[in-house]
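Naming follows writing order (A, B, C and D), and every chain is counted from residue 1.
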Amino acid sequence: MTDNSLAVHRAVVRHGATPLADVADLRIDTGRPLTIVGESGSGKSLLAHALMGTLPPELAVEGSMTIGSTRFDLADRSGRRHLWGRRLAMLPQEPALALDPTMLVRGQVAEGAPGWRPGDVAALRLAHEKLDHLGLAHAGSAYPHTLSGGMAQRVAYAAATIGGARLLIVDEPSKGLDPGSLDRLADLLAAHVADGGLLLTITHDLRLARRLGGDVLVMRDASVVEAGPAERVLTTPSTDYTKRLLAAEPSRWSFPWMANAAAADPTAEPLVAAHGITKSYGDTAVFQDVSLEIRPGERWALTGPSGVGKTTLGNALLRLTSVDRGTVGYGDVTRGRLQKLYQDPALSFPGRVPLERAMRDVMRRHGADEARVRSLLGEVGLPLEILSRRPDQVSGGELQRIAIVRAMLPRPVLIFADEATSRLDLLTQETTMDSLMTEVAGSGCALLLVTHDPDLATAVTDHQVRLGQDRSALLEPAV
Amino acid sequence: MTTSLLDVAATVAGRSRRSTLARRAAALGLVALVMFAIVGPLVLSDPAAQDLSRFLEAPTLAEPLGRDDYGRSVLARLAHATRLSLVLAALCVATALVLGCVAGIASAWFGGWVDAVMRAVSEAFVAIPALLVVLLVSALASGGSLWALYLGLALAQWVEYFRVVRARSGLVLGSPAVEAARLLELGPVHIVRRHLWPDLRSLLTTLASLGMVTSILAMSTLGFVKVGLQPPRAELGLMITDSFAFYDVAPWMSIAPIAVLFLLTICFLGLRTSEENR
Amino acid sequence: MRTLLRARALAALPAIVLAVTGCAGASARTSPTDTLRIVGPFEVHSLEPAADGEVFTRLQVTETLVTSDLDGELAPGLATQWSSSSENTEWEFELVEGATFHDGTPVTPESVVAALEKAAAETASPLAEVPIDQIRPEESSVAFELTQPYLTLPAVLTHYSTVILAPASYDDQGRVTEIIGTGPYAVKSVELPASIQTARFDGWRGAAPAIENVTFQSVGRAESRALMAVSDQADVVFGLEPAGRQRVEATDGVGMESSLQPRTILLKVNAAHPVLGDVRVRRALSLALDREAMANAVLREKELAATQLLPPSLPAWHPDLEPLEHDQEAARALLAEAGWTPGADGALQRDGVPLTLNLVTYPDRAELPALATAIQAALAEIGVGIEVEVTNSSEVPARQADGSLELALIARHFALVSDPLVTVADVFAPEGSDWGVMNWSDPAVDSAVNALLQGASDAEAEQHRATIVRTAHEQLPLVPVAWYRMNAAVSERVDGFVLDPLETTWRITDLQWAS
Amino acid sequence: MADHRPAVGVVIRRSALVGVLARRGVQAAGVAVLVSVLCFLVVRSLPGDAAYRIAAGRYGYDLVDQETADSVRAELGLDRPVWQQLGDWLLHLLRLDLGRSLVTSRPVAEEVGYYLLGTLQLAAVALTFAVVLGGAAGVLAARRPGGIVDRLATAWVAGVRAVPPFLLGLLLVVVFSAQLGLLPAVGHGDASSLVLPALTLGTGLSGLVARVTRDAVVEVRQSEYVRFAHTKGLPERLVLLRHVLRNAAVVLVPYLGVQAVILIEGVVVVESLFAWPGLGHSLVHAVFWRDVPVLQATALVLALLVVTINTVVDLAVLWLDPRPRRLEASA
């Protein structure tokens, strides 16, 4: 085959006159994967779609790319259709959504086989082999909704690569994946490279970029900030932006509030005391026999792979979910002072009214005046005027900070942050978490953090509950 | 992510521009029809007054829509029929809407046995054919009274509102936003004002305008099968049905009520918001 | 691929539509050459002769002992001749020779008696009114023994409820499960309530009719029937409304046949009603009606405006009388005389009570609600409020029974059996009649009716008949509104169509295909 | 190991199946009792003397008088206490005996069965027509949202929605029967007589089907799994057949269920217009004549038909979409 390299020559994506991505030249060779990192909105995903030919028609593309010895005009979207699956493949974002919910997994993998037609037995066999190879032999006759996120990711990988494409474009594969699944995925991608494939990965996860090695491209505001070998860019960056990006990884955090952790009084009356609680949906247990006490000022993390019931446990502790067995008890000061931050802040505000109107109800109820709101907003780095907008007119990071302000108004004793930053990119995560923890530290309230990111858990909390696949909970007290 | 956002934004903008125009036209048309229904019966002659010597007279300047087979003024009858259709449909929709809304929200809010009972009642209603309800109620009241028609149509429709409102309220009430409001102890008034009502409003507008269409069409349809109103009351469906026999000799008799019926329904259909046009 | 798919879908759709309409078109267009297609308004719900038996007599599937000719005179049916003895208490009907049922079994006096006994046991049959002691099979005839004289028995035996069906027609509980008659046509298939197919019965005793097959279809909507008539989807269509008649007349290949029926559309009045009991009010109501305009607008035929109770097609019952006329002033004067004066809004009132009356009618005949609307408008002009209630026809006898009836607009057929006397006697029964007078009687009328029933002779009879009609004309216990013309649209494919005013049969045996 | 997960899936689906059937079964039983009792009570409290009505239905209005009414009353036992008559009916119902029509004296099961057949025939053809025409139009319109086909489809939807079926029927009759002479205006029997009534019903429905299909297909086409199916290298046609249509059907089927219910109820108008013997016809006549057994049986059949349709929809959705949550939505 001739697909032993990919070259892109000056690819520009525009919406109207605004450039959304502008990349001069890049090249991928066998054995040397390319990873593009950057915050959301930096245009890295658009670049991937521009190469694939799947950009929406409103966006204009210029430039060209060369696969092996064939040159393609990027503006001609349909010109690359015949390559899809055969020479050019894409592993989509959110693999759980990329699988047809009404079809058995086996068929969805098989249909990517070269020359597939309905009722193709050979393709089914091939699909089975492929799945078996990925340790998913049993998943072939399952429906996607029964798969975990990591399994869905591997099924999608099988479906994307069964057609034999050498060039694989991977778009934000780490979204919502726990570290274990991410590792397995990285192994797969590395194997693809080792087999002589070309790999272009789009991610905001620096750990993945490090694992993949090869070359790294850092993008910001539609253009490339820095490029070079991964080992150099990701350890000794030359630009400020990359430096900031690296510093935003939770493992490298250093904030004043991190020192505050020891202040909690281990003998104080618990705010929340759960004894032997068990919860199951239907026949499936979510967690079993968990006991936990949270005292004022303590910072707890609930960690574990995705789908093990971290959120359900958190909700149970806030009595938002009933438990099947066991008890959840509160101390006297707790009533009305347990607050929660949500994974998607947009869903936690009434969607059709301006923020201000929703906020005024909170202020009135909890006797907070405008000055307090203004100062709280100031502390998280937002102007008061931002409240005149509707939730959908504010970015995710800003909205989460407004949610933090809202949660602080009733002077809470415990805040339950449910994957509150998992949808945010590194820099925004850092700012948001800093805002939250500054408030938490300042008010002395306790924190219950649900996250699948162990680094974040370590950086922020001093107690951990790790939920395992076996429905058990492992308590790891103060470090 | 970015791409799909742009994608949606672009189409929505294009659509809503077109749809505001359509909605404005629809509203204008409705205002005209409502004016006709209000003013017409006041200034026009008695719709029941016959002039048997002038049956099927063609349109003239004095009688712009001609006369029907009893020599009655088609224009006057049309005005009364339009008024009847509008008023009765509005009453039916209002009743069904209030009933369905209250029941639906209560069902979603309280859940448990309230929800179970409401759902059982609504499922039973769904299984009982609407036609049977209307037929029985109007037979019960005999003599084609307006009340029977109103009650029958309202009873036949409330389930629709109940089901939609219950489902939507269930979603809203189960959303993180309401969960957060509960944690913030903002109380039921806040939840209704800031969460439920803003969310249900456009849905209900759409449902209500569709309900108007359904009611108006149902009334005319009942007129066609001779259930419902009694002569000499002017009703659009009856007028269309009666005029059908004369479609070739006196087309004005058919065209006028058909046009009004069509305009009424089209205008109400046009009032719907763009994103919910089912 | 895209275009391929689109092309296929687009090509498939019209193909489907064409295929469906195409095959349908073929069957609709070509009129079957050997089948006469009759369409009428009434549905057939039951095979019981007393219920919907008339359709089978009209289709000449079943026969009665006696039938009537076009002039309404009695004519031989299954009986060739009849005679009475001992003051009309014994009647004997001689059966025709060689008659067989459609199942091939011969018509015996025993089978005739069995069928008649079933009819006599059916309350709805006029035969139930006859004071029968017993019905006896003779050698080639059947004999009736009566407990009282009954002059009009042969006329009663023309009624469709007295048809003679084969013993195999009944199940063990006496219900009719199949129509096995004796007529020139035999039932091929019946699909209740809407369609019947018959075919020529080869074993018929008479000459074989020209038409081989007949279908009858019931179509409820008059406008649909008119469409069928003008678009060659039927050969004979009964019961057209004025607009439909107009359309038929304007269409080539089909024409209208009509015949005045012995039927009168009239207002039945509760003569014991506090308002309507006053003959002046009844006359005023009558005077307020512009019958000619109504007949012209609603029935599209001025001549149908009733000038007296019975139509001229029954000359014996149509004496020379001053015609009923339209005079609003006279009406107002009469009402004023009765104490009804116009109030502020023009509505009549007496002692502060407005003059409003309830009028019941039924939709079975489309003219009735239409005329009710016209009557309502006409009476409104002189200040009488009428509340029209279009409801089930049975409300008339029901309200008569409980006395709540005020006015009813009904269509009364005066020759259900061939002699109108039977109906007239019922209509003017002194105790009241469900489809006749209510709370009204007159000694002169009573004695005239009785004399006629006793068999008064010609000149005397004419006198009595005049007395009845004139008294009714003056007292107006029944206010005649219009007479009734039955009509049929007949395709030019058919020759020899004659409308029987009594609608005893449709005389299909007389029809031929036009050459 | 290999069969572990699917086995769980099959068990879940089987239990869902049993759940659906059990729930619908209970609903059917409840509805049956409710409808019977309700009809009975309402008919008994209707104004007018039932004996007269029944007599009129039996013998034609010319022959109804007090005597016939009395004999009908005695024959049918209409003067017995209401609860006794109701108990009788329920007892017979348990033995699956629907009794005989008061008017025609024919077995109700036979009579209602005949009308049911007519209704089903008409509804099935109309539904098929609507799905074929509306579905095709919806899929075509969804290819380019906002395009010319889409706009035409939108106009068509609004147009047919604004025209009541009886009017549409009248127009079709005028055009196809009166003017063109292509099709019979009324009747029941040969295939040609089915065309116009089915067309009347189907046209109105096709607009709605087109709309829902279009929306569903547009939504599904924007889904990640359809995009992924494309980039897997699957041709457009196969993406449509394998992924788009099936997932759009998940939305469309419950909707079609609702429409089928409306269709069956709405058939009465078309039945009246085209003299088509169906349940609506039977219902109207039964109310008019106070034929309680026929009324009850017709209402019962209609109600059970509704329940059956809902059950079929539930099962179809269960078959189309294995995800458990969908079940709630279609309830």
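FYI, contacts are C-beta pairs under 8 Å (C-beta built on N, C-alpha and C of every residue); 3 or more make two chains touch, one makes a residue touch a chain.
None of the values given here were measured: they were computed from a predicted structure.
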Maximum centroid distance from chain A, chain identifier (CA atoms): C
Interchain centroid distance [CA atoms averaged], chain A/chain B, Å: 47
Computed distance of Cα centres, chain D from chain B, in Å: 22
Distance between chain centroids, defined by C-alpha means - chain A, chain C (Å): 84
Chain C and chain D, separation of their C-alpha mean positions in angstrom: 38
Where chain C touches two or more other chains, by residue: 391
Sites on chain D at which at least two other chains make contact: 48, 272-273
Residues of chain A touching at least two other chains: 93
Each pair of chains that touches, named by its two labels: A-B, A-D, B-C, B-D, C-D
Touch list for chain D against partner chain A, complex: 1-6, 8-9, 223-225, 227-234, 238, 241-243, 246-247, 250, 320-324
Chain D contact footprint on chain A (complex, rising order): 52, 54, 84-86, 89-90, 92-94, 97-103, 108, 111-112, 114, 116, 118, 137-139, 141-143, 145-146, 156, 159-160, 163
Contacting residues of chain B [partner chain D, same complex]: 4, 7, 11, 14-15, 119-120, 123-124, 126-132, 135-136, 139-140, 142, 167, 213, 217, 220-221, 224-225, 227, 237, 240-241, 244, 247, 258, 261-262, 265-266, 269-270, 277-278
Complex contacts: residues of chain A adjacent to chain B: 15, 20, 40-41, 43, 45-46, 49, 55-56, 58-59, 93, 318, 320, 336, 338-340, 342, 344, 347-353, 357-358, 361-362, 365-366, 403, 406, 409-410
Of all residues in chain C, those that touch chain B in their complex: 222-223, 226, 241, 243-244, 246-247, 290, 293-294, 296-298, 363, 369-370, 372-374, 376-378, 380, 388-391
